[in-house]
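Two complexes, one shared chain (chain A), two partners (chain B, chain C).
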Partner chain A sequence: MFYKWHVGSIAWILHRLSGVLIAFYLVLHIWVMSFLQKGPESFERVMHLLEHPLFKLLEIGLLGVVVYHSLNGIRLMVLDLGYGMAHQKKMFLAVVAVGIVLFVLGAIPLYPF
Partner chain B sequence: MGNKKLYVAGGGWSWLFQRLSGVYLLLIILLHFWFIHYTGTGEITYQQVATRLATPFWKTLDVSFLLLALYHGLNGVWAVAQDWVKRDWLRMLIYGVIVVVAFIFGVLGMITVIGFKPQVL
Partner chain C sequence: MEITFKILRFDPDKDKKSYYRKYTVKVEPGMTVLDGLNEIKWRLDGTLAFRRSCRSAICGSCAMTINGVNRLACNSQTLALKRKTIVVEPLRRFPVIKDLIVDMDPFFEKIAIIKPYLIAHSRGGSRERLQSPEDRKLLDEAVTCILCGACTSSCPSYWYNKNYLGPASLFKAYRFIFDSRDEGTEERLGIISDRDGLWRCHSIFNCVEACPKSLNPTYAIAELKKKIVTTKL
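After this line comes the complex of A and B, so read on.
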């Protein structure tokens, strides 16, 4: 598949890349949570590892990826329903602007330093 | 386009369910992020998760979250593979991996959520 480089195709590629990253995280998350079955000690040990600042920074990155994928997903649905085709550049800029605000608000409580 | 069966997943139903599951996941993920990461101390403990998983409401919500997130995520990966991978054998391999991953992590997640019996701390 070939894309012409314009706002719509960049948004679409970012949507797919963010989706693949989230899918990869999802299976890791299911695996990590399965330590619940092994009892409190095992689970707390894994959670303690994940308290490391590196994982906290990755968690903030994940928040950014999820926020982008969610907001752009709403944009794609609106376009799929036949609205806003003439304004998709503005809609993408709105996704970026709202996304930055939500990301900053969400990242502050997660910031480890 | 050698193998037409490989293109079925990219059809109308797949498109529709991808959108519907996306809307549901958006609502659930807001709840998930809010209650798990933004209320309380910020630390995730066994006791907190055990308390939540003891309620049928959260159990049901988590099962629906698990299944729809796996569906949405893996269906999305399959859509990407359909667009970006041209070799049929590689597509079949990716499809096989997706099915195996869906089964293993679906079962693992269900065991975690449904089969969870809290141990007293």
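After this line comes the complex of A and C, so read on.
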């Protein structure tokens, strides 16, 4: 039987997953930027490719991932400083609530359709 | 009311792998999971092995995983679990000796690592070493730990790395480091500030959810992290 998921462990696994995704994005980003070396033309071509709606949708996904990782990162730092220990679950709910607001506000201008 | 106990069993003499076995027990209000296990052992199947002693949540012998959460069998009311089937498993990541009995040696070895005794270089007087009520208050939670292992066995960091000291050991370290009479702080901080020490705590809070005494090892670990950072600065 699986060990029961609690708020803290859900926050932790999402933090890990988003961290891995951000690291993966960083590599991808550096790879895209490496086309700068190959002259303005090849860079233009890559940038044109990235105009595709699919990449815009992926960017919206990236926004969600970054927003969660940063807000929960703040939650973890506050907890590591010994504050709000008794309220860690409420703090997670705050992370989710503020995160959704920031995500929606940021996703609207990125939405390609 | 009839409740099914689904118990993860393993006999090293007979079984290659552990397996679940079901028992149906008639449960009355007030019956704990431990009462249910006793009922099974005494009337249905004498081969079932589990540890128990005080049946009042102070000895820490009957910690096990009940419906996916670590608890003490003796202070878990069967009816309060609100399930027709109660799944009982040994504490995970601890080596199983037989059925629900796990080898606690690795757990107690990690308690021993942090030197769980008073270190005092200065000579004591002819009387006991006194402490102010405020200083004693810092230790209230830490001295309540019954060393049942529910926290360490619930910790994902421990599942991943068996060398991690774990919440119980770090909680014990806190108990001495924050004791105004103790003089071994530097020594102990050196021990726990290790790659297998407190930096493996990722504030997941499973230990807090699991603790049958409602203690907060994560808070103690955060205080220790702070102590290390402030002494190193």
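Rule of thumb we're sticking to: the second predicted complex is superposed on the first by the 109 of 113 C-alpha atoms of A that agree within 3 Å, B and C clash if a C-alpha of one lies under 4 Å from a C-alpha of the other, contacts with A are read in each partner's own complex, and residues count from 1 in each chain.
The definition used in the following text is that a residue touches a chain if its C-beta (ideal position, glycine included) is under 8 Å from a C-beta of that chain, and two chains touch if they have at least 3 such contacts.
Keep in mind the model is a prediction, meaning the values are calculated, not measured.
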First (chain B), second (chain C), both or neither touched by A:Ala107: neither
First, second, both or neither for A:Leu36, with chain B first and chain C second: first
First, second, both or neither for A:Leu57, with chain B first and chain C second: neither
Contacts of A:Val7 with chain B and chain C, given as first, second, both or neither: second
Partner contacting more residues of chain A (chain B vs chain C): B
First (chain B), second (chain C), both or neither touched by A:Asp80: both
Partner chain(s) touched by A:Met47 [first = chain B, second = chain C, both, neither]: first
Which of chain B and chain C A:Ala23 touches, first, second, both or neither: first
Chain C-contacting residues of chain A that also contact chain B: 1, 80
Interface residues, chain B side, partner chain A - complex: 19, 22-23, 26, 29, 33, 37-38, 42-47, 49-50, 53, 66, 69-70, 73-74, 76-77, 80, 83-84, 101, 105, 108-109, 111-112, 115-116, 119, 121
Chain C-facing residues of chain A, complex: 1-4, 6-9, 11-12, 76, 79-82, 85-86, 88
Of all residues in chain A, those that touch chain B in their complex: 1, 16, 19-20, 22-23, 26-27, 30-31, 33-34, 36-37, 39-40, 43-44, 47, 51, 63, 66, 70, 73-74, 77, 80, 106, 109-110
Residue numbers on chain C that touch chain A, as the complex places them: 65, 67-69, 87, 89, 92, 154, 156, 202-206, 208-209, 216, 218-219, 222-223, 225-226
